[in-house]
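Okay, got some structures for you below.
The two complexes that follow have chain A in common; it is paired with chain B in the first and with chain C in the second.
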Partner chain A sequence: MTLEIVLRVLYTGVTTGAIYAAVAVGFNVIYRSGRVFNIAQGEMVMIATFMMVALMGAGFSPWTALVLSGIGMALVGLAVERLVLRRLVGQPEMALFMATLGVLLVMNGLGHILIGAEPQIFPELFGRDRWRIAGVNVRESVLVGTALIVALIAGLAWFFNATRTGLLMTAVAESHQTARSLGVNVRASIAVSWAVSGVISTVAAAVFMGGRMVSGDVASIAFVALPVVLLAGLETIGGVLIGGIIVGVGQAAAARWLDPLTEGGASLIFPFALMLVLLMIRPQGLFGWKHVERI
Partner chain B sequence: MHDVVAFADRPGAGSAAELLSVANIEVRYQGTILVLKNVSLHVAPGEIVALLGSNGAGKSTTLKAISSLIQSEEGRVTEGAIRFDGMNIENDDPVRTVRRGVVQVMEGRRALEHMSVEQNLLVASAATRMNKAAIRRSIEEVYALFPVLAEFRNRQSGYLSGGQQQMMVIGRALMTRPKLLLLDEPSLGLSPLLVSTIFEAIARINREIGTAILVVEQNARVALKHAHRGYVLENGRIVMEGTRAELLNNEDLKEFYLGIGASGSAKTYRDIKHYRRRRRWLG
Partner chain C sequence: MYRACGDFSESYRNDMRLIRTRWQWAALILLAVGLLLYPQVAGGAWTRFATVTGITIVAVIGLQILVGLSGQVSVGQSAFMGVGGYFAAIAAARLGVPFPLPILAGAVGATLFGMLFGLPAARIKGFYLALTTLAAQFIFEFSIVRLPAGWFGASAGIAMPTPVIFGTPINTPEGFYYMVLPFVVAACFAGVFILRSRLGRAFVAVRDNDLAAEVTGINVTYYKVVSFGIASFFAGTAGALLAYENRFVHFEQFTLFESIWFLGMLIVGGMGSILGAVLGAIALRLVQELLMIGGPVLVGYLPGARYDIAFPLVNVVLGTTIILFLIYQPRGLAHIYRKGERFFRLWPFPH
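Take a look at the complex of A and B:
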């Protein structure tokens, strides 16, 4: 029976970890290009969620709603970059961070006005089958969603490391001034990253929200993804998947073995405790960039 | 006066034979801080020109004014004109300036340190509209110029030595296919042997590819060994200009930049005062 429990923990851990990774990679794509830690990433997920709810409510099929929301969120990302962050080019990272905090508050307020407090049901987009495999209850929508996220992150990692545009965006991540001196269009790079991050938040929303009651509070997913971002490192793309799985599995294990002893507290604090320990040992994260200092 | 140096006061310098002409420019940071006053210089095709001067003279600012990279430091050319290849390029978009064929290698070896040597080179091909085969050829040309880079092509560039990084950033700049290469203190922090290796490579680039080069240096001796002409910048003004031979024979330059006393004796306070007074007069 223990094997069954381990498998169950792994299933829950990997599938939730993948969702954390999807939200986390949205942070990283923006941070790499603009050196902006976009704290409003959770709000982007929230807007994507309700865009899809509205589109499906209007009679679009789930996949059409996903694609349309993806396009819509790319535009939202571009709008935030154009209206808020472009004016702050060259300002310190802290000023940019505070600006995104402003974006968070505005989006959050708008969310409450437009959506209302009433939770709504978010349909399962990727199938409704349920199987029992080796004693583990497996949902089709979760498996398809996880596969979608893995494909998305693998695709992004390939894009940034192997394609020409991706390489230029990585150069922008290293240094705006150096990239500019070589003729790389830094502004365009930043704008593209906001659009890409909008698309990512749509995919994260579609996978995470399936079959749940959703309200404006879904934005808080970003805070659970935060430890994944810091664990993996702010500049990595592929690394967030590993960071997500570590946090997800650790949390599931804490929920299974420690929560009964701590009245459910252990799994809540696990990601943050892990984050704190890691920041002390390896501040740049597992796969983040460490500035090379040669003396 | 014993020198034959023509002093820079040639307003509107610029003829058809010139690749770059900087005419009476004034540069201000944040609209108020004046760093360059009435600076004029020119570079002909295929020429190596040295821009000499001490710390804070405005050498880097001059290069960044040409490449328009001063914009990221809130600097602007507020007076005068910079013409390159017949077009006005002052206060232009830095990316467009690279496309036109002017590339700056910034001071302090800015490696894209988490990327490999080869990725560094690839990034710089962005400004050109080269196809894959042409990019590959350019990379091989850079490797031919600096064989050590070929050896370390897959190494993370942050872990190269200072000299190798300097070679990489010069090679990287060449990937943009420049007509004019702006080099900011390539000798900085390198051993004398490496400095001469780097400058020999610079001379080879000039000779073999025909790239014109404007090089900023504090190390006047090594710069004048390879340059065809030179300028001396002090306090934001050009105070001397001349051919290599003229500058090398100039008594003031010998004393204050090359460290050779005119009579072989130690410098006295009176000599310095004399020079200062004259400099004020000329500047």
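Take a look at the complex of A and C:
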């Protein structure tokens, strides 16, 4: 049945796309409110994962663990802002980017030292039911997770586009100096965005890791989600959902129809190839801001 | 360069000289003798360390030209190095090309690959460009693993033959040291000359303000692509040398972490100077080596450590170093060196 196959591809594509979007929005929230590109986003997801594993291992219920590690990750984000970024406010974008490269190395190293190399099982948080709808195997946990992500991104998009605080934070992404001279608290904006991004990585971790074996290498999810970030544009919030679905469905389709011909390579390279082609046509991504430059 | 009172040029030729005073000549000769005698003094392990550091210096000088001079951040230098390594391995092991030529093959192959990833520079700027180089890293890794084993050896890698120079096979740490040394020296001089040439000045103009550069008649896209090409040429040479030194190429030698470490070396060493690239590469490789020696010892004292913590420890220390340098000394070791030089020129007088 071709229809069945198409539905299956769509289901896989949309659900993976939602996870990519959840990781990607972590990048964008930080960029949108501080002009910092946080390459250590994957490490945040890794830390969130193991925080939840540890909390659930200590006997907390999944939802309590989710909330507690959300708070914990917000604190981690605040710590990064306090220790590193606060001292670099007003520096060129590239210096901030390099600083997050340093953060990536530190978090990755500490994570590996603290959790060891053995993979651990991450329990399924959002129910274990499985249904068969129109020939597609649907898992309850995935559906709940996707709904959670969509709600989260919609909420963030509303916050950044329609509230006063959100718009003030957006001003920081335009220019630290201008924002400061107009009375926007740049430090607070960056701090809030890192805390929010910590919470987002907790949600992304909870949805993505459910039922998987996890080790320190889960951090690489961020690099897989990177094409989504660039495809959608660095400054958009709601757009990552669309970007995520495009990449997710495209990848699922490549996995179904092209992988048998290429020994599994097509679905891995597809997101990067799509990103490169799209950036050649629209350098700022689908929903990114077009900057007018002056000499 | 800082020049003492009374040391002035009387002709343009004199003004352009790299080495001006007798003491500079003396220091250079001393350095050369020191480099030549090093393997006789140091043991096998430290000679091997010096060889790997030398190869790193070649790659980092390339990255310095791309990042420090032209201002294009690349997170794919290690992938370009890998491409060089694989080209060299195919030339040497499959086609049986004699010794120095596979290195050229690696360098040229990497240059083409690098220019391909520099091409988006025609349209893309800043971060987006930096992150497309990340795509180079992934495309490199996925292609090696997924393509048929007959092409790039897939996950098994390709074994390198022993290099033979004038009938002498090179298979000792000392031999590899002397094999790599000329390439390192050549890379340093090439770097310095590029910095002082028309090309280097164009790169700096593009870095400082690409719109202003475009308006003054510099073809920005051309120079961006060329700087990607040059960086990859250096990386390819380094990759080919590493392939010879390890007697083997494998994609896990060329990871994203290596790329990040190369950038860290630039930050620690100092952006925009060849001296910075050299100092940064030596400093971070030294830290890494010491941790690799000290890590297993440390594990014995830590009660909770379940396995070898040397590698993650390297990441923690390097990451912290990068952050501290960015905050407290953004101009790097090269700047500290210059300050020291100036201080001792006047010492013990204050002015």
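Structure notes:
The rule is simple: the second predicted complex is superposed on the first by the 291 of 295 C-alpha atoms of A that agree within 3 Å, B and C clash if a C-alpha of one lies under 4 Å from a C-alpha of the other, contacts with A are read in each partner's own complex, and residues count from 1 in each chain.
Operating definition for what follows: a contact is a pair of C-beta atoms (placed from the backbone, for glycine too) under 8 Å apart; a residue touches a chain by one contact, two chains touch by 3 or more.
Quick caveat, the model's predicted, so the values are computed rather than measured.
When the shared chain is aligned, no partner comes close enough to touch A:Phe60: not chain B, not chain C. Put chain B and chain C next to each other and count what each touches on chain A; the higher total goes to C. In the superposed pair of complexes, A:Phe159 makes contact with neither chain B nor chain C. With both structures placed on the common chain, the touch criterion links A:Trp289 to chain B but leaves chain C unconnected.
In the superposition on chain A, A:His112 contacts chain C only, with no contact to chain B. When the two complexes are overlaid on their common chain A, residue A:Gln177 makes contact with chain B while staying clear of chain C. In the overlay built on the shared chain, the residue A:Leu167 is in contact with chain B alone; chain C does not reach it. Annotation: chain A residues 294 touch chain B in one complex and chain C in the other. If you check the complex, the residues on chain B that touch chain A are 67, 69, 72, 74, 94-95, 98-99, 103-106, 110, 112-115, 119, 122-124, 126-127, 156, 158-159, 161-162, 172-173, 175-176. Of all residues in chain A, those touching chain C in their complex are 37, 84, 87-88, 91, 93-95, 97-99, 101-113, 116-118, 223, 226-227, 229-230, 234, 262-265, 268-269, 272, 275-276, 279-280, 283-285, 293-295. Here chain C touches chain A in the complex through residues 71, 73, 120, 123-128, 130-132, 134-135, 138-139, 142-143, 146-148, 209, 211-212, 215, 256-257, 260, 263-264, 267, 305-307, 309, 311-323, 326-327, 330, going by the rule given at the top.
Every residue of chain A that touches chain B in the complex is listed here, in rising order: 90, 164, 167-168, 170-171, 174-185, 235, 289, 291-292, 294.
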